[in-house]
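Note that chain A is present in both complexes that follow, paired respectively with chain B and with chain C.
Take a look at the complex of A and B:
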């Protein structure tokens, strides 16, 4: 078990460079964009140049760029200080917003991942077991089609049909007005259940269905392909033929085949977390979902450097953490992984 | 011949591929007696593995058994459904495949895989199955504590011995070994062959499928030579090796290098035919130096030339 501990430490330390690279990238990108937080707040109003300089000084934007870079980075790394917002409402700790928005994104991504893997599993396994059939062909076409889907387009389509026409689900937000769920984990579905409030749970569920379905469908195609191709390969492998030659019942052989086919899928899930969070930005925007992705989107307009940097660092941290979890799961299910 | 353990009569296995029907096994007949060691010798693509799969009815798609009969322990296997066949595979017919590196599930311990076959067929509890699995490991000279090992932690030779342990776990009457040592080095090959010999001593019949004439000659008491989906000659090992009759058999025997003589190895010129569209005559005639005009158009029937020695070649048929 000491080996596993070392493995975890090594994998965990890989999170640091991930964060550094992403932070650096976003820092430069923000400075290259035209405008700055002060101009974004001021807009077209006339402010004397001296006053503008004073505002810049207060926001710390007059310092040399490298000083700004390290000030923020060290603040986050050493003190967990994500800075203060530079746009209205000005001067509030960014961490407060991040803390408030994070659970919404976590809830959405988990729900989307469940949708994506469920669809991927059913279509992928179905296609592989009936290889070459009409079902298989349609599943493969489906998986290619999902690559061409644009999240806002699919999202609006679902909003229109399932939301506005059939009125099955809500088209925006996380919760209806007037419903309150005490915050424990911040995940509304979980918190409402813990509070025993079935009404709130149903309401939260009817809000999350469309966004998670949108993001889930877009991500599912990759799973369909991956699961199908892996399973086809495993089903043709020697040890599956050997199982059959030993008279092992078919349902058992199928189970062993699926287990073997899933190892690359777990790896892929880890790699996909980044894509998932990227998709979350678009999904949250389409569905007015009050998560981190929408927060970034809102703050870009204000050139709110510290908020955007903070949110990106948090994203990078989540991606790193999820990859770490996937690596650990991978090591636990595949005996061939050495640690 | 009703005392034969296995009787294959006019078996035909075709593969229905997009580019045509491949006649992988075409009209093959042979029998295996209880306790004997039979070698099926042929080059790659001659249909010898397909023949083995067909006996247990595990021909992979798009292959299908299209004709013939397989009688095993006085039962017609073609009549049995999948459920009944499962009771025969592993229980009465054991299989050892070519590549020991890939014929074990990489995600399960060898003990699990060994115990499973005992549990499935005998319906015993897990504890008893594991205990028996340990005994089987010792039987194939692997320490009992290797039960908890995963396949990747064992060497190729050990893995093949475990595969053999699994295939003999239920003392099957017939053990089909499909190129069991091709992926292993010669020292390990010897050990595996010794192990198979022991299995035979305990009463099982062994069907060794190989491309290696020398190996078959060393181990088997009877040999069947396959070429392009057909058996061209079979008989007892000594007469086949010492006096091969069929030109293809002669070619095979002469292509074995001999350490003690300076004779050069003679290869057989040409390539095996395309089995999607075989010639109506003898399938070997394009490569045969002694081909007659009849060989081009008429297929030579399998004929007994002497006691228990059969050959399908026009050279030895009285017309």
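Take a look at the complex of A and C:
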């Protein structure tokens, strides 16, 4: 395992430039674009120039740009400091909001990934085993359709039928009023189980079903296609033909094939993190899910530039980190990866 | 009219598609062309003023109000018809901008290689790895809400898509004997790049269709989040947003009619893109 340790260190150090480039990109972008963030917050209200200066100082915008760049970066890296909010309530650390909101997004994305991979697995394997059949074609159409399903539309459709008409699930929020779950991890499903509160668990579950189903369905099409194409390729390979020639039963051959077809899927999960987080913004907005995406939406209305910057940069870190995790998982399951 | 169309090279091209790509292409073209026609002829198609109260609010679809009325008594159908203009404008402008940057940069990067290529690749890959919608939101939030700003922020996120595909294809085409021949003949770089470009237009076409399909959803997302047009301008994403509270009270038509149009338009481009990538056997990733 010493080799693996070294591999992780090397991969981790390769993530640093990715995060730095993303940070630099966001940083420059938010500064070269026309529009003064402070004036954007203020809007049409009259604010005395002295107070404007004060706000500018609070946002760190009065310093030279290079100082701003390193101040912010070091603040984030060393102290987890993402600056202060520029809109009401003014002057609160952005990081407080970010940590409060992060678990909701994590919970939603995990649940959605589970939904997406389950649907993707069933449809993809189905299509590959019956290649060229009508089932295969309909799975292909399904994967194109999911690609164009606009998250809020699908979400509202589910809200209307499963929430409003059938009253099976809640249409917004994470937990009903009056139910309290002590915060350990911030993941409500986990926390309520740890607290042994089954009532809260069911309530949290009935809240998360619709948003995770929405995001999961939209993401599943890519898995359908990927699993189908990989499996078709593996089923045509020599070792599968050899198994068949030896008279191994079809379903067992399929098991071997599926196992091998899954390796590229893990890589893809890493690539999909970006799509997942982008989708989370829309899903959270549609379902009033109090996560990071919803936070960005709320701060857009206030034009709170420093909160938006903080959330976007946190997303950049998450993307970098997730890519690292995927690399490690990949190394663990695929013996061909040298470390 | 029909026989005239059947004799054109375009129809011969469409007929040369194998199934199921042909059906996908035709369906996609029908959807996209009808929506474009609807946008152009909006003043003649829309029966009512899209931005003023014309009837009792929250009425379900009826003969005079095909998609019902919204919460302030505007005709939803007229809003859907006019709303197509915003999305098509934003998507067309953003595609033009991202192509104008992505294609030449990809050509230069792929053809010359070296340090320029490496620096550009790292930057483009990083942007590509980032959640595109969040990036677009960040840009649009700083620029302020307007359709043109929405177009600019969408353009930013699709530059890497064009860049990566064009660069990859350029690397392939560059190896071909006819390019070597051009070099030996002493042609200028501009001539050679032009010649490479002519050989990758198919790829650009596929990337265009698929990324437009995606850009439509991004545009809808930005206006859904309030970063494009402002009320009461008719716009699909915005109407979806303003219709949601009423959908939760049972008035589904206000949100769902524009919402389904977003999906239809995106599906149209996705079908065209899929069919083209089948036909040219280009595995495009957008």
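Observations
Basically, the second predicted complex is superposed on the first by the 317 of 339 C-alpha atoms of A that agree within 3 Å, B and C clash if a C-alpha of one lies under 4 Å from a C-alpha of the other, contacts with A are read in each partner's own complex, and residues count from 1 in each chain.
Quick note on the criterion: contacts are C-beta pairs under 8 Å (C-beta built on N, C-alpha and C of every residue); 3 or more make two chains touch, one makes a residue touch a chain.
In this text the structure is predicted, and so the values were computed from the model without any measurement.
Overlay on chain A: chain B and chain C fit together in the combined arrangement.
Of the two partner chains placed around the shared chain by superposition, chain B is the only one that A:333 touches, whereas chain C remains out of contact. Of the two partner chains placed around the shared chain by superposition, neither chain B nor chain C is touched by A:5. Looking at the shared chain after the overlay, A:91 reaches neither chain B nor chain C.
In the superposition on chain A, A:301 contacts chain C only, with no contact to chain B. The superposition-derived angle at chain A (between chain B and chain C) is 80°, Cα centres, a multiple of 10. More residues of chain A are in touch with C than with the other of chain B and chain C.
Judged by the touch definition given at the top, the superposed model places A:182 against neither chain B nor chain C. When the two complexes are overlaid on their common chain A, residue A:164 makes contact with chain C while staying clear of chain B. Once both complexes are placed on a shared chain A, the shortest Cα to Cα gap between chain B and chain C comes to 12 Å.
Under the contact criterion defined above, no residue of chain A touches both chain B in one complex and chain C in the other. Residues 56, 58, 60, 82, 85-91, 95, 97-99, 102-108, 116-117, 120-121, 150, 152, 163, 166-167 of chain B are the ones that touch chain A when the two sit in their complex.
Chain C contributes residues 20, 122-123, 126-127, 129-135, 137-139, 141-144, 156, 213, 217, 220-221, 224-227, 240-241, 244, 247-248, 250, 252, 255-256, 259-260, 262-263, 266-267, 270-271, 274 to its touches with chain A in the complex. Residues 17-18, 21-22, 25-26, 29-30, 33-35, 37, 40, 137, 144-145, 147-153, 156-157, 159-160, 163-164, 171, 271, 273-279, 281-282, 285-286, 296-297, 300-301, 303, 305, 308-309, 312, 315-316, 319, 323 of chain A touch chain C in their complex.
Taken together, the chain A residues at the contact with chain B in this complex read 236-239, 241-250, 252, 256, 259-260, 263, 333-336.
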